[in-house]
Structures are given as C-alpha cells and as structure tokens.
Amino acid sequence: MAGSTFGKLFRVTTWGESHGTGIGAVVDGCPAGLPLNEEIVQQYLNRRKPGQTKYSTPRKEDDLVQIQSGVFEGKTTGTPISMVVFNQTQRSKDYSEIANYYRPGHADYTFDQKYGFRDYRGGGRSSGRETIGRVAGGAVAEEVLKSLGIEVYAYSQSIAGIAIDDTRAKRENIAKSPLFMPDLEASAQAEDRLAEKMAEQNSAGGIVECVVRGLPAGVGEPVFDKLDALLAQSVMSIGAVKGVEIGDGFGAADSFGSEFNDSFRMDGEKVVKATNHAGGILGGISDGSDVRLRAAIKPTPSIAREQQTVNRDGEDIAIGIRGRHDPIIVPRAVVVVESMVAMTVLDLLLQSMTSQLEGIRRHFDRN
Amino acid sequence: MAGSTFGKLFRVTTWGESHGTGIGAVVDGCPAGLPLNEEIVQQYLNRRKPGQTKYSTPRKEDDLVQIQSGVFEGKTTGTPISMVVFNQTQRSKDYSEIANYYRPGHADYTFDQKYGFRDYRGGGRSSGRETIGRVAGGAVAEEVLKSLGIEVYAYSQSIAGIAIDDTRAKRENIAKSPLFMPDLEASAQAEDRLAEKMAEQNSAGGIVECVVRGLPAGVGEPVFDKLDALLAQSVMSIGAVKGVEIGDGFGAADSFGSEFNDSFRMDGEKVVKATNHAGGILGGISDGSDVRLRAAIKPTPSIAREQQTVNRDGEDIAIGIRGRHDPIIVPRAVVVVESMVAMTVLDLLLQSMTSQLEGIRRHFDRN
Amino acid sequence: MAGSTFGKLFRVTTWGESHGTGIGAVVDGCPAGLPLNEEIVQQYLNRRKPGQTKYSTPRKEDDLVQIQSGVFEGKTTGTPISMVVFNQTQRSKDYSEIANYYRPGHADYTFDQKYGFRDYRGGGRSSGRETIGRVAGGAVAEEVLKSLGIEVYAYSQSIAGIAIDDTRAKRENIAKSPLFMPDLEASAQAEDRLAEKMAEQNSAGGIVECVVRGLPAGVGEPVFDKLDALLAQSVMSIGAVKGVEIGDGFGAADSFGSEFNDSFRMDGEKVVKATNHAGGILGGISDGSDVRLRAAIKPTPSIAREQQTVNRDGEDIAIGIRGRHDPIIVPRAVVVVESMVAMTVLDLLLQSMTSQLEGIRRHFDRN
Amino acid sequence: MAGSTFGKLFRVTTWGESHGTGIGAVVDGCPAGLPLNEEIVQQYLNRRKPGQTKYSTPRKEDDLVQIQSGVFEGKTTGTPISMVVFNQTQRSKDYSEIANYYRPGHADYTFDQKYGFRDYRGGGRSSGRETIGRVAGGAVAEEVLKSLGIEVYAYSQSIAGIAIDDTRAKRENIAKSPLFMPDLEASAQAEDRLAEKMAEQNSAGGIVECVVRGLPAGVGEPVFDKLDALLAQSVMSIGAVKGVEIGDGFGAADSFGSEFNDSFRMDGEKVVKATNHAGGILGGISDGSDVRLRAAIKPTPSIAREQQTVNRDGEDIAIGIRGRHDPIIVPRAVVVVESMVAMTVLDLLLQSMTSQLEGIRRHFDRN
C-alpha cells in the first residue's frame, strides 16, 4: 500500500485509521514563507466535521488539528509539515460484530483479500475519517493558492436526484444551505427527499462540483500528467467517488463539434473563450478560464435496512448495520473534493514554472 | 513536460510529434520471458489505424512498428523495450496556415501559453498520433495480462447519442461493427446519424466502455493509488476524454444505498457479488468481479464548418478547418482506452504482489 | 523540499525538527503480517540514543517511540505505519545566539539561502535528531528482512584515523566496544585518540562499514536504480557522510583487472565467488555474496574551539560553539547507516519479485 | 527493471543493448526554448567514442546521434526529446562463446540470475555502450546549465595509481592529454604505466573528478534528495564506478573538526568560504562554491589473461577474453560522469525554484 503519497513537488502523505491513535498528513514541498497555524487548517477541517446537521452522524468529534513540524514563528519553513488529529474515542466494542462479515459497499472484503486480515474497527483505513488527512493537506495547498490569487471552491450540485438550477445558484448560498447547495430551493427539496430516505432506513448519493478560478493558462504536464488526468486521479481516489467529469463531461459524448468547441475571441488585449464546455482545460493544460469538474458520489453504504452478505466462515447471512450513519456523504465530501483539487492544481502549477527556459533564466537572474 | 511517463513498476514513456521523425514508446519494467515480436504489437496498432472505414480519415498511414531493444530470441529480456513507428509523410505545407491561429477545441492556444511556441504541424505532440505510443505500450501490458489469464476488452458503448442495448450486445459483434459497437442494430443507427453529421460538416462524440475480466481481488493501492483512481488518470489523459466513470458511475449519484450496494453471496466455496454496480472495485481495490469503466469522448474538434477564433496577432477571425478529419474519434479510441486500462491494471497487479509478507516469503523460498 | 520520502514500494517519509514537537516517520508499503510493536522499534532507536558513553552528548533524551497507525493486534496491516518520538525538551533559549550567525560545517547558511529563513533551534531540520526518523523506518525494514533470512549489520571501521584490523575483528565484539568497533584493540586505541581530541576541544571523523548477508542474487534495477546506486544515495543522504564505496571502492581505482576481478567457482551445485572485491554487486545487481559498503563520516562540526565565520549582518566574527556536543558522530551513525541500507535493500528486493514473468505467474497461480 | 529513468522534473529514460538496433535516450521535461541540434549533442558523444587513442578499443564506431522529436525550428519545444544512436555492427558471432559462461567482473551472472536469461551479445544492456544514452541526456542538461551560466567539467584525477599534482594541473591541459588528465606530467607517467599493463594483458582503474562552477546556493532537497545524495546515486549508477566522494570525501574521515570545517568570511558583500573541504555542499544543499566530487573507476573487467570462472552447465573453467578491449575505462568515463552530474544538478536546480513562496509569487506576477 505504498499509495499514500500524492504529488511530485507538493506532496501529501496521509496515515491513520478510524480507531487508531489518530489521522495525520505530512505535507512535503510546501514553499517557505506561507503564514500557517492551526486555526487556519482547522477552518477547513470544520467543514467536514460530523454532527453539525441532521444529515451527518451525531457523533461528537472535535477533530482538532495539531501542527507538529515545518512551521516556525508563524510561517512555513520549507520542511515537512506534519499535522495530526488525534482520535478521541477508540471504543472497539461497537465494531466487534463487523469483524466477522463483509459489509456490502464497503472495503471489508477487498482489504481481507489484499492484506490477509484487516483493522475492522470502524472501517480502519478505509473509513471516511481517512479524509481528515486529505483536508489537512488540501488546506495548506489552498492557502498557497490563495496567496497567489487562485481560488478553489466546491458545492453540492445534486443531492438524491435533486440538482441545482444554474440560474438560481449563487455562491453566497453555499454556506447557508445545510447541504452546501448554492440553490436554496433545490436544497430545501433535497432535504425533503433525504427525510424520506432516512425514514426508509436508506441513504442517497449526489454530485459535487468544484471550480478553480484565477488559474493561469499553461498548467498541466502532457501526456500522462495532464491537469484533467491528475484531477481525475485525485478526485476518484476519494472513498465514495464513482465518476469524474471535466466541463460538460459525459454531456460532451452526446454533443456535436459545432456545439462543443469553445470559440476564442479577443477581450481587449486578452484571449478569452466565448463558452466553457471544455471546463478550462485544452490538451490537458489550463486555458485561463475557470476549471470546472464534477464528482459522482455514491450513496452511503452503511444502511440500517436488511442486506444480504457473507461472513468469513463462508456463510450467507442477512445484516442490518447498526449505529448512526450519515444518510448522505455528499455535503461532507464537498471540502474533500476541494482539497484534492487544490493539491493537484498547486502541484502542477509549481511544475509549470519550469516549462520555458526564459522563465527559469529570469528566476535565477533575479536571485 | 516531464509528464510523459506512466506507471511505477511497469512504466511507459512516450515521445513524438505528428510530423516529426516518428512516434515512440519505451516500456520499462516488463517482466523477462514474455514472447514478443513486431507482429504481436502490430495487431493492436492496426486497430487504431486510420483509413479503414469511412468514419476515419482516408490518409494512408501504414504505421508499422519496429522493436529496437529489450527483446532477444523472441522473448522480453527485462530491459527497456523501445518501439517506434516512423512517420511516413512529413508534409509541413498542409499545416502552414494553422501556425498562426488557435483552432477551437485544440491545444494550440494552451501549448503556446505554456511553452512560448509550438510545433504547429498537425497538432505536434497533441495530435491524435500521440496515441500510437500508448497503444504500443498497452500492447505489451495486455500480452503480459493475457499470459496471466486476465482479459481486457473495450468497445463503443454510445456514438452520436445512440447507445447500445445491453440485451442485444454481444462481444463477438464488436469486430463486425465498423464502429466497434457490440449491438449491431445500434451500430447501424449510429452510422446513419454519423452520415447526417458528416453531411452537415459536423462531428460527433460518444462513450467507450472497457471491461477487465479475470483480475484477482486485491489489486489497487489506497489511498491515492487506488485502482479506480489510476484508471481515471490514465483514461482521462487520453486526448479527447472528458469524463470517466466506474461501474454505475454518475448513475450512482441518483441511486440509493439499498439499490447501489452489491450483496455478497457464496457461490460454492467462492465469495461473489449478486450485482456489480460498483464496477469491480471496492475501497479502491479490485473485488474479483469484472472491472467496468466508461470514458466520455468529445466530438472531433476539427470541423469544416465555419468557427470563430483569434490569431496570434490578437485579431478575431473566422476559420474552416480544411483537410479530411475523422467525423468521430470514438471507434479509433477504443483500443487506446483498452491500452491505458491494461497498463494501469498491470502496474497495480505487480505492486499487489508485495501486499502480504507471506506472499513475499513464499516467493523467495521457492527461488 | 519534497525530498523527505525514500523508496518506491517500501517508502519512508520523515518529518520533524530538533526543537519542534517531535520527529516522525511514516512507513508506507510495509507488507501486511509482520509482527511489530514499540519495543521492537525501540531497540533500534536505543542504539542511536545520546548519553550512553562519554563519546556522546550527555543530554538525557529518552527518545521513546510511539506507533500511531498501521499495526493491529501486533501485526502490520499493510496501511501506513506512523511512528513518532516526541521531543522532551524544547528549550529555545540555548540556541538564541546561533540564530544570527552561520556555524561552519553546518547547514545554517544553506538553509537561509534556500528558504529565506530557518528554524535555528538546535539545527532545526538539519539536526542529527532528524536521523530518528531514518532509524524508525529502518527498524521496520530490517524486521521484514530478518523474517526473510536477510541480515544487515554495521560497525565502526575506523575512528579518528585508527582502523580495525580485519584479522582481529569479530562481529560479537561490536556490542562490547563503546565505539562499536569489532576490533577491541583498535577500539581502545581510538578511545585514547578521542580523549586527546576532546582535550583539544576538537572533534574527529571515521568510517562506518555495513554488510548485508543472505541477500539473494538478482536485486537491483539497472541502469539508474542499481543496488549500488541507491545504496549510495541513501547512505550519502545521512547528514555527515562525505563518501560511499562498495567493496574495495576507491581501492579499485589503484588495482588491476587481474587482481580486482572476482573469479567464479562451483561450490557443489552453487556458483560462488573466490573473492569479493566487488562487494556483492555486479552490474548493479546483487550476486548472492555479502554486500559490503563503507561510508566516510566527517568530524562533528560543532567544536568549542574558536572558529571564523560571518553573521547575518554580513560581519566577520569569531565564535566558539557552546554546549556539550559529541566529539565523534561515527558510533551513533552506525545504526543510521544500517537503517538506510535496510530500507534500500528491502525496497529493491520487493521490486525484484517482478523481474521474471515465470515468478509472477507462480505468485498468482498459488493465490 | 523499471530503473531506466532518472530525474523528477528533468527526466532521462535510456534504452538499448550493445548489439541491438541502437542506444537511445528520451529527455522529458527539458524547458522549451533551448537551442539544440544534432551537432551540439554529437560534441559530447564524440568525447566517449572509442578508437580515438591507443587506450581505447580500435573498433570503428561513428556513433552518430539523431534527434527524433522535441525540437522544432532549432529549439526545444518542451515535449520529450528522443535521441538515438543506431548500432552499426551487430555481428553476433563474435560473442557466441561468452553466451555459455560468466565473465568475472561482468554482469553476465547477475543478469542470468535476475532475468532467467540474457542478451549475451557484447554485454547486452550492461555493455559500456549503454552510456551513450547517459551522454546524450547529459548533453541536453549541460546545454541548459550553460545557458544559465553554470559550468560542469570533469577529468581524470588518477590513472593506474598515478594521480595528478594539483599544483601542476591546468584545466586547458585536459583536452591535450590522451587520458584527459589536467597534469601533463602525470599523464605521461600514466601512459607509461598503462603500456606496461597492456603488455601484461592486464587493465587498470582510476579516478574521475568533476566540478560544477557557478551553481547558486540553495540547490538540493533534504533529507533524502540532497544534492550530494542524488549525485552519489547518479554517478554510482555508471557501470564501473565503485565509490563516490564529495569534497575531501574519505579524507574527511581521518581529519578533525578544526581542519575540516570551512570558515565563512565576507568578500565584499558576498559570503564566501575560506576553504572548500565540504565540496560545495552543506546539509545536502549547494553553498555557492564549486561542487566537487570524485568517482572511483574499477579496472576494465575484460582482460586477455587467463581467469577462472564457471559455465552455465556448472563446470569450473579457465577463460581468456578475446577481442580488443580498452585497457582503461577512465578516459572514456570522464564525459559520462560529467553527464550524470549535469542531469542531477539541473533536476535539483529546477526543483529549487519552488523553495520560497516569494519566488513563486514573483514568477507568476511577471507572467
């Protein structure tokens, strides 16, 4: 499992299980001189914290981050930044039952197949708590991007089949919606739909949309480390994501060249695009317009309803998963998607600094 | 652009421009002892060759591959396998006009922004010919997988808005359809639709579906190098792909836990799943059932119809792209998607050999 | 500084500064099923602990390791293993003076040049305490190797110009010598020499030798990731190391082909070498005999004697470095060299499992 | 053998066997805008060409390089640069005898052990011809460095036990000596010594020294990708190298702190060092003075004298290696060491551009 590191110049390594000592991230390659402290990172982590609304599990987890290295006198030093959120409750007894069977939609079976056994407590490494490391790493990336005038934001585009209406969507609504939907009308409808599903002991899925604004043209490293390719990897690597699309995405498959191509035009001295079906990426390289992507999030796999499965003794059994689980992952996944996008964009932005000899020469001339 | 290498243990590096000397791939990390020769690789390359049907450009390109290293007495030696397809025609004159403007939907603008200038002949490095390197590398990967009993195959799932009907689809039909659709009725309809679009000097998009059969459970390296994550990267890195989904993909976003979760059940001594909404991957690790993914392919950007754009002098202009271009990329992309999937699966399969200490011990005990 | 991760399949990421919260290591890619606990790792760390003899600083640091993830019910789970040693004393006042000048032989100047400023407390990231992370990671690697019958051991080959006599050297003496020299006579002489140097407020250097026994032939990935090449990187990356040699090393430069070439001969059914000038590596690949390397360690840069340097205001000054510092780094570096060698060998050993298609086939047939 | 790629931002992948189609290198990540053509690269390759003096094999090999991609209108485009030297003679008959036994000092045995069989013709991938790829890649790196005012040069420091005298050594002498020694008196003595050894059908070793001049302070990525660490890897990866040392290297082991530490002092407004025992690197980061390293080169393993070995049938045999072989590798290794150093330094120089947030901000502000 040497797959816990993401990035080349800005690299995030995460560790930790749901019921171990804690969840951590080591950010290596953060440029020196960035103002950083625990309060800043905590703002990001609070957005994924459970127990805030009725749509997330009422477990009380403060999830307070500690910065253990790489920051001195309020600024990053260029050395690895270790961050940790210690787990507060490690009650293993709640999970003793699931040790012996495979929950549908979870990674219990595949972990057992891959590693021979697993830390079954709360999903272990495949728990949703793993995303704490992603958000901590993403927080640092996003702070670097902000300091360069690049903004990343995400929201719920669709919940339980209720999609936002772009004409009603406003960015300032995101924080007002308990589901982080920028269209409050859609948000209210989605709340009703979720209430139904909760009553049926069921769960729902949805779509997260993410926008990167202010990214200069020229970011992305063809032919395998294209901007869209690495965004697809990083976002698909989030636990419940089953699909990623850039710009019109699957809509492009049903469209025609005359509709899908974005025309260029001059806006004063600047080259702009009349439309943005491409989602801000051409040939795997940012084109200066907004980068837009969507991630499909599956329904929460843990449901109280009876499900069929097998146990480790090879018997067919029926189970109902006890405990309080989020009926929907999407709202808490919003900041996770944003985090992965921020890491990816920053890493490729840094790489793009060496694309032209002229830019390198100017860098070292000045220094 | 140090992004031309894919993979960790099985690594493919590609090079070459549309109108340079040729297109090549260096496969590093191919296990020794695999029977390989030019005829074998050529079979794969022939599937992406242009000029075979009326839906692909009638340019005559033989695209014959040469193996330059890494094979001795008919078998791979474990050293890097260099393969090249020399370009036969390098007529630059056809492309002189496009040197000065940015074709909508192409990477002309972003390459200029990133690198300061570009090899404008036929799209240079961002030409569709770049995929020759992918297919050559994928051919080697697929041969290794076959020798281990693992099969990868792909086909057109939807063309110009006409999707296959799963009840009619048969794998043996793929080769019979000029569009590589396994449902011949849908294929015929799609041909009609394409004829319309060609008459309108327009182009169309579609969806490629790919299946991996026989992959053991346990492949994929959480949390960033999950099987689905790296499949998303590798497939999204193909020129015209705008979206990737695993299993039900975006359909999962609109479904509910009770529908989407795949139940486990015993089939004799074997654990199987009753359904496969997850597309063969749980927690980023293969579960032993078919891996299924879909890639959304945009319409061919080169169309003869008039389009608006700008030139390098900063003027708004109107253009019509001359020359013969494929009205649809999808059929030729089928083998490219298959190739990227094969590389990705093989690389992670090799990595999975070290997941358990017991497996490592047995390996070295025997040797 | 995205250079804090070493390895491809067995990857170690370290973090931490001398006077921050602690020093840590995240081991990713450790195979599942290895018995591991804090006591095991502590044994390795104790070998680099200061304050044990008069040749190391009398600072009392317990340096107790905590394992925070990746181990469940006494065995590694295959997920990242986070280990941390919390710093006990973080008295910054001792180091306030050095904030303003550049100590000769230290990284103060280069850190300032690279990052614009530095965590000056105790050397920050470039402190010798950084090696705690290496030893923690190396401990895990060495445990895996032991379980496969591969032994790694190191010792002081030369201290302050006194080299061991190979005819007197015995492995069991290593632990008996306060300087970890296998030749107790040389050890006693070196102690005398060190006493002299300490009296002169000076410091001394030396050579660490490391042996890998039981490594199968076939380990190393030409042409850049050869076994000797990655050993050179990993050992040279240790703070005070200025040179690395394999087998006869620099002695080879003065020898002739007829002397240096190791003859092969049959020992029963086994191919062996009559001599081992090559140090167990041919063409960058292990040949089945002992791997032998030596690392040159510079004298401790912190000395009480007056030295010339400059301060941050650009003035020439004279300094004497206060505090208690080891007069010799070599004995405490022994386990650090051993750790880096263990990590390197294990990583390449795992990679070598995929060298032959036949070995891969057998692996998956059995599973 | 996925070890044929070196570097992170400036990456070189090499391929090819002694008696296959040719030897090649793919340079990925070369910044766009560098003037490059075949004549430029050829200058570097000519320095390793055999048959130039009596100390290298009289085989006639023109070794003409072709650039196949990544250069357009005389400048690099930022896309991968594929270079190839086609092998002119592929006479396999000369080598049929060695197919069956293991030459002492060669990689025949280890390749067989690792891969199960080998391309035995002329050493296959482990032939000295493999270094053509290194020099082609290094040529591009060195051109980039030159354009930034950074110079890399190397020479023979010692041959067959005859070392240069630093007081007599002059850089302009290097090209005048058939052995590339900057001290012509030592060069003449070494020639005599070599003549003796040739008469005895023996071979000799030596030391190559390399200097990097003009490198700014701040290059190197602690703690594993330090400048000295990656130099050690890259230089040790060259076929015949058995040791690498930085600055005083192994001499440091016998020196004392008061001698070895380099004092800083002000030279006008500039911080300089009074001496350079450290070889231009402190804490793994360049300090602005000359980087200096030495590589120990073993004697040519192919000698005509009788040697003992075994064959593949497990029999002890005596052999004499026929054909004309260089009695000394050192002179031809000079440009190879220089090439590896250039690649390494450039890759880390590019990485160092992202060390400070301020430098990143200025880069994107200007663009």
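Letters A, B, C and D mark the chains as written, and numbering starts fresh at 1 in each.
In this section, a contact is a pair of C-beta atoms (placed from the backbone, for glycine too) under 8 Å apart; a residue touches a chain by one contact, two chains touch by 3 or more.
Only a predicted model underlies this, so the values are computations on that prediction, with no experimental measurement involved.
Participant: When contacts are scored as defined above, which chain pair ends up with more C-beta pairs, A-B or B-D?
Facilitator: It is A-B, judged by the count of C-beta pairs in contact.
Participant: Which chain has its C-alpha centre farthest away from the C-alpha centre of subunit C?
Facilitator: It is B.
Participant: Indicate the whole-number Å distance between the mean C-alpha point of subunit B and the mean C-alpha point of subunit D.
Facilitator: 38
Participant: Distance between subunit A and subunit B based on Cα centroids, please, to the nearest Å.
Facilitator: Those two chain centres are 26 Å apart.
Participant: Quick check: what residues of subunit D touch more than one other chain, meaning two or more?
Facilitator: 1-5, 8-9, 14, 29, 32-33, 78-79, 114-116, 125, 216, 222, 351, 355-356, 358
Participant: Could you please specify the touching residues of subunit D with respect to subunit C in the complex?
Facilitator: It comes out as residues 1-6, 14, 102, 104-107, 109-111, 113-116, 125-126, 130, 133, 158, 160-161, 197, 200, 202-207, 216-226, 228-237, 239, 241-266, 269, 271, 274, 278-279, 281-288, 296-303, 305, 307-310, 314-316, 351-352, 355-356, 358.
Participant: Please output the residues of subunit B touching subunit D within their complex, sorted ascending.
Facilitator: Within the complex, subunit B contacts subunit D at residues 1-5, 7-11, 13-17, 20-22, 24, 26, 28-29, 32-33, 66, 68-70, 72, 75, 77-82, 84, 114-119, 124-125.
Participant: Can you check the complex and tell me which residues of subunit A touch subunit D?
Facilitator: 8-9, 29, 31-34, 76, 78-79, 144, 147-148, 216, 222, 350-351, 353-364, 366-367
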